[in-house]
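Take a look at the structures below.
Okay, so chain A shows up in both of these, paired with chain B first and chain C after.
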Partner chain A sequence: MFSYIGRRASHSILSVIGLLTLVFFLTRLTGDPSALYLPLDATAEARAAFARLNGLDQPLHWQFAEYLKDLLQLDFGQSLRQNRSAMEVALEAFPETLKLAFIAITLSTALAILVGSLAAARPGSLFDRLASLASLAGASAPDFWVAIVAILVFAVGFEILPTSGTGSWAHWVMPIFVLTLRPFGLLVQVVRGTMLSALTSPYIKTARAKGLRRQKIIFGHALRNSLLPVVTVAGDLATSLVNGAVVVESIFGWPGIGKLMIDAIIQRDFAVVQSTILVTATAIFILNIAIDLLYAVLDPRIRY
Partner chain B sequence: MNQANPILKVESLTVDFLSDNEPVRAVDNVSFHVNRGETLVILGESGSGKSVSTSTVMDLIDCPPGDIVAGTCVFDGVELSRLDAEARRNINGRRIAMIFQDPLAYLNPVYTVGRQIGEVFESHGAGSGKEARAKSIELLRRVGIPEPESRIDYYPHQFSGGQRQRVMIAMAIALKPDILIADEPTTALDVSVQAQILDLLRDLQRETGMALIMITHDLEVAAAMADRVIVMNAGSIVEAGLAREVFSNPQHAYTRRLISALPHGDAAEVSNRRSTTSAGETLLQVENLTKEYVVASGAFAGKRRFRAVDDVSFEVRRGETVGIVGESGSGKSSIARILLRLNEPSSGKAVFAGQDVFRMRGKPLMDFRRKVQMVFQDPYGSMNPRMNVRAIISEPWVIHRDILPRKAWKDRVAELLELVGLKPEHAERYPHQFSGGQRQRIAIARALASEPQLIICDEAVSALDVSIQAQVIELLADLRTRLGLSYIFITHDLPIVRHFADRIMVMKQGRIVEEGPTSTIFSAPRHEYTQSLLRAVPKPKWLVPEERPTAERSVGKTGLRLERTRNGSLAG
Partner chain C sequence: MHRTSNHALASAMLMAALAPSAMAQGAAQEIRIVLPEQPANLEPCGTIITNVGQILSQNVVEPLTVIDPETGQPQSKLATEWTQVDPTTWRLKLRDGVKFQDGADFNAAAVVFSVNRMVGGKITCSNIAKFGDAKLTVTAVDDLTVEIKSDKPQPILPTLLSVVMIVSPKTAANQAVNDPVGTGPFKLSTFSPQTVVLDAFDGYWGKKPEITKATYVWRPESSIRAAMVETGEADLTPSIAIQDASNPETDFAYLNSETTAIRIDTAQPPLNDLRVRKALNLAIDWEGLAQLFGDDIKRASQMVVPGINGHDDALEAWSYDPEEAKKLIEEAAADGVPVDTEIKLIGRNGIYPNGAEAMEAMMTMWQAVGLNVKLTMLDVADWLRYLQKPFPAERGANLLQMMHDNNKGDAAFTIPIFYRTSGNYSTLADPAFDKEIDAALATTGEARTTAFKTIFAKARKEVVADIPMFHMIGYTRVGPRLDWKPDITTNSEIPLANIAIND
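So, the complex of A and B:
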């Protein structure tokens, strides 16, 4: 198992290096930061001094070599905007995103398992049809639209929830609701589908012939065998949330890594962009390993 | 026998299944009963409705699509359909238990066997936790699982096929049921393992006095177990009575046909389908063929080598049928795959029509693949479900362009279909529209399309009903005479090849343990393993004395050893 993790880690380091290279050059296509950070009437000398100070006057490949050299010493560069370590900025924002992602994915998975299993237990019933309708709606509604409508209704209309920002528990409600909706919708479909096929498997017949209670057959035998595809999809959704829900974080002014990333791109704060990419890539790598290990826990036939 | 008070009495049972919203009658006016301590065998081929009636008793039929139109099931004086779900649940597993055909599919793959057995106790309030565990260990010991204290924490996939069926049996007998229903319990097992499982069932029945309802398509198994037998065909009972009478003097035409299709007549050899022509020149010569696999084992065990095929030499002459017989894991299918160049051998040589098979490249290899064809066990799995029969049969001509010009394809497909006993208009249909036997005929037609000289049949008839088996073998024998084909016929079922193969090789653990003309193998087997295989073929119950002598039981012991070593090599 440890050799498996080691192998996966070494592969991931390669892809992270590739990713950082790509990001390094792509961000520099967005333009010259001095155009943003200096006043419009700054002199040519002032611009040259700014470029020199931040190493922006060097040829691109030289800048890249410098960047790699610094990376090896765990120096991730300075934020132009905030004038402190870029990594510090990224690591400050990341926990905010993690909290949101964790709550949203746990909530949507738990709800989806319950709703999907009950729907599959009685296919074609009223509950099943309602669940299918709800999940389809949840999966297809664009999150930015839901977010804006929610703000209009609950913050502007009823004035029971704050429009954006952080502080009280009320600030959590709308972001979590919006981020839970789509994963919930998709997962209900997955759970229902795999449960339907699990409930027709031979071992379910055995369980019925043994005289087990219905509840135990559904949640003990069928569900446990349906979890692998659910974990796969939930893991994929979790990945996109950890990546920073850029749109939702921006709409709700949530100080997470998604918002930080988009702000840094707009502000041409290159070191911060690179640091946020590094942080999320590492998190996704750890998440994927965890999902793989979870497979082995759920299915004893899978061994690494 | 207490005829007056049977433990289970099924009367005029009629069940429909909805298929495309059309009700199809699966079981039509079926009545039977079973007494305590008695074995009733329900005999029939696939689709005869034999499983449906017992599934009704167990409340395993979903309605819809199933629909119990009429009939009653009275268990121990209680009409089952009047009971509510909870009362039905209380009977299942406690008073009526069931085991199934394929224990790997019927055991939950993600739970240990201990947990699955323990559940029976827990759900019927007969003990939980440590108590259930102790009882489960005792059960595993009783059904012959070695080292039950540690094996109880194993998962189903870590057991051999025979052991998994033992686990199923342990689960079924946990609460000493009044009736045990066994639905094709040995169909997926090797013959020596089958003998042990049947022995175990008989012993348990003697110990507990339970009634046994056994569903099977296998006449030998039926004869070996039955006190009484009912024969089903197309949803109805066509014949019923004492086993001895039904088997020795079948009344109904269907039963007679079934029994005559049985591949093991005695020395009379009424239906000899061996090749009559004296064998011609050597077509295939195999020398010292060996295939080794490196088995990845635990972190500290290092690499181990496993010989799937061990120094095997044989030859096949033109117009000859060579039977390769062995149980699962004996290496017989590995030989087929290596000869077809699907896997590479570790060492050894094979010469086909003067050419070294393992050195072929490019054009010679293409030609070789055209001349050697394969027919697989599962004709459905080996056909693309989205291709119609014409496309399936013409595919070899797409690959080997020089066989036939495109405009002749249609006529040739029709010709081939007629050759294998189908109709030319079947060409436009798809595989799922055919029965198992018809599909195997299509697979044979496909093999014939490339005009082969040698056909390798890997368990080609094992999945078919016994009467269909006979037809397919008849067809193969006929084609051999008409087209001068040679066959390598791989099977685990010794009796099948009796009237078909000219020579037989018996394989065990990758080696050929015995080889010779078919009649010699059957009349005077020399190797102990061949003898045990022949002995393991079930014998009619009425010919076997009640308390069998110890010599008879030694079959079971060799088999058990076999099973254990195989499992040992798996578990490492």
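So, the complex of A and C:
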């Protein structure tokens, strides 16, 4: 297993290097930052001075060589916007996103497993229909709409939750609710589908014939065998959440990495774009390795 | 009965538990302001950037002069009086008894330090852009007197000094900072990715503000910001969308110093023909177009708003006359002007609310009078290529959507950029007009006002290098706790000292 992790890690490092190279050149294709950092009426001299000050007047290959050199010394550059280390900015924002993503994916997976399994146990029942309706609604409702409606209802209407921001546990309620909704909707569908197929398998019939309790059959036997596709989909959803929940972060004023990355791209804050991508890419590679290991835990036939 | 009381008690406890700390207003003299954007940094040399200026300007750092929003004239701040020694030199007397928040003395040496830091080229200084390409040198005459010299005449130097923020001499000279120290009534306590907190500075030289603490947070969504003030989570938010300004008791409309317009590329046929340029102005149903921007919008006839020195109230805006527009285009066509040429209308995504819809409508109106106008919407970086010189060589005939902000009291921040041959946005090449502009810029007082008015009249009637659209309206929501109204300067500063708390 350790050799597998080592192999995956070395592949991941190569991928990260490739990604950073690509990002470096792609960000430079977006244009000259001085157009955005200086006022519209700044003189050509001022723009040239800005480029000189930030090393943007040098040839691209020279800038890339400098970037690599700094990278080897763990210097990830300065944020043009924030006048401080780009990596510091990225690492400040990432835990905020990670906390949200972790809670949202854990909650949505747990709820989806429960609801999906119970729905599959009695297909066509009222509970199954309601679960399907709720999951479809959850999977289809746009984040920004749900977020704004939730604010209007719970913050403005009932005044029981804050509109946005961070600080108390109440600030977590709406962002987590909004972030949980879509993964929950998708995962309920996946769990229900795989459980339906598992519950008609011969080994389940055998278990029933042996007189095992219904709960044991559903959660002990059928569920475990249905979890691989659920882990795959949940892993994919977790990856997109770790990348930053831009809409939720924007609406709720959550200081996460998604909004930071989008702002940095729009503002051509190259060092921050590179740092946020390095941080999220590393997290996603670790997450993927963890998912692979989880497969082995769930299915004894899988060995690395 | 007993059961009901228990329920009520339980509900009250639940509500209390759910009520977040942010919802509770702090002490009576503390306020919370929610801005549309996170300030990227708190460098005092960037106070002309809206979200930096709204926090720092006149709160943490103070300029040498301030502009009176009513008259557009410079008023004393850290400089108490000023005299022009010669056309390129001004002598300033500085306020006595002023201390920086770090205990350093405010004096001539501090002014020399701040100006040199600003012009030295070691930090990115947005504010210096207001001086154009002028080279400034500053010398201390005595402890409370400085002389500022420019390499070219600066008749409005006192006005320009409103963007010179004075920082403590202990500030890093060679790098931008996020912990500014100035002479203002508030000192910076915290700057985090979530908030900026300012606390009252006990050693302030001026009148003690009523507010003791201000916390700034930011939310990009206008509806969320409006809701925050409505629920009492915040006390004030600038720049809410018109559809969110629904409560007449808390929402204030104000002329915000921005003027929208279309720049005509006068160098490109058929736009190099005056008749075509006039037709472009006459073809627009201005009353219909105004409906996109709300009832408070003000039609523009020139590129500066009322209150700016040089604005001419008597100058009439173009009216809607499609028949006259068609006639002018036919006349031009008869004289061989290629009126069929495709004219690119270049819009900018998100430039102002309903900006794209306005471009769609204008394109249709121009097509209706026989012009071949096609709309292209660009993001800011691409759009800037067309706005500023050097213009793209392959640009062809084009009309450019733009918005100009001049809250600095004087049309000198507008006219040369738009109408002088060397102007960064100018498509004109008219030496005679350049001479008039230069002459106007060199004058002072009433003569200056008259000269600027003449230039705007000529730009409107004879040159027609643009299509002024509207003077824009901003909407600010102010919670019932505060006694404060926004004005033309609100887009660049919100002086906390001017905000009172209602009893």
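Please note the rule applied: the second predicted complex is superposed on the first by the 296 of 304 C-alpha atoms of A that agree within 3 Å, B and C clash if a C-alpha of one lies under 4 Å from a C-alpha of the other, contacts with A are read in each partner's own complex, and residues count from 1 in each chain.
To be clear about the criterion, contacts are C-beta pairs under 8 Å (C-beta built on N, C-alpha and C of every residue); 3 or more make two chains touch, one makes a residue touch a chain.
Predicted model, so just to flag it, every value in this text is computed and none were measured.
Participant: Put chain B and chain C onto chain A via the superposition and say whether they clash or fit.
Facilitator: Partners fit side by side after overlay.
Participant: Would you check which partner chain A:Ser201 touches, where first means chain B only, second means chain C only, and both and neither mean what they say?
Facilitator: First partner only.
Participant: Does the superposition put A:Arg301 against chain B (first), chain C (second), both, or neither?
Facilitator: After superposing on A, A:Arg301 lies in contact with chain B but is clear of chain C.
Participant: With both structures superposed, pick whichever of chain B and chain C touches the larger number of chain A residues.
Facilitator: Of the two chains, more chain A residues are contacted by C.
Participant: Is A:Gln267 touching the first partner chain B, the second partner chain C, both, or neither of them?
Facilitator: second
Participant: Taking CA centres after the superposition, what's the angle at chain A between the directions to chain B and chain C, given in steps of 10 degrees?
Facilitator: Computed from the C-alpha centres, it is 160 degrees.
Participant: Which partner chains sit in contact with A:Ala209 here, chain B, chain C, both or neither? Use first/second/both/neither.
Facilitator: Once the two structures are laid over each other on A, A:Ala209 reaches chain B alone.
Participant: Taking the superposition as given, does A:Ile251 touch the first partner, chain B, the second, chain C, both, or neither?
Facilitator: After superposing on A, A:Ile251 lies in contact with chain C but is clear of chain B.
Participant: Determine, under the contact definition given at the top, whether A:His221 touches first (chain B), second (chain C), both, or neither.
Facilitator: After superposition on chain A, A:His221 lies in contact with chain B alone.
Participant: Looking at the overlay, does A:Ile13 come into contact with chain B only (first), chain C only (second), both, or neither?
Facilitator: A:Ile13: touches no partner chain.
Participant: After lining up the shared chain so the two structures overlap, which partner does A:Val149 touch, if you call chain B first and chain C second: first, second, both or neither?
Facilitator: neither
Participant: Is A:Leu40 touching the first partner chain B, the second partner chain C, both, or neither of them?
Facilitator: It touches chain C, and chain B stays clear.
Participant: Closest pair of CA atoms, one in chain B and one in chain C, after superposing: how far apart in Å?
Facilitator: Closest C-alpha pair between chain B and chain C: 41 Å.
Participant: Once the two structures are fitted together, what part of chain A is touched by chain B and by chain C alike?
Facilitator: The answer is that chain A has no such residue.
Participant: In the complex, go through chain A and note every residue touching chain B.
Facilitator: Residues of chain A touching chain B: 201-203, 205-214, 216, 221, 224-225, 298-301.
Participant: Which residues, counting only chain B, touch chain A once they are in their complex?
Facilitator: Those residues of chain B that touch chain A are 58-60, 85, 89-94, 97-98, 100, 102, 105-111, 119-120, 123-124, 155, 157, 168, 171.
Participant: Would you tell me which residues of chain A are touching chain C in their complex?
Facilitator: Going by the criterion above, the answer is residues 30-32, 35-46, 49-50, 53-54, 81-84, 89, 92-93, 148, 151-152, 155-156, 159-168, 170-171, 250-251, 253, 255, 263, 267-268.
Participant: Please name which positions on chain C make contact with chain A in the complex.
Facilitator: These residues of chain C touch chain A: 14-15, 18-23, 38, 40-41, 43, 48-49, 121-124, 126, 128-130, 132-133, 175-178, 193-194, 217-221, 223-224, 227-228, 230-231, 233, 380-382, 384, 387-389, 413, 417, 424-425.
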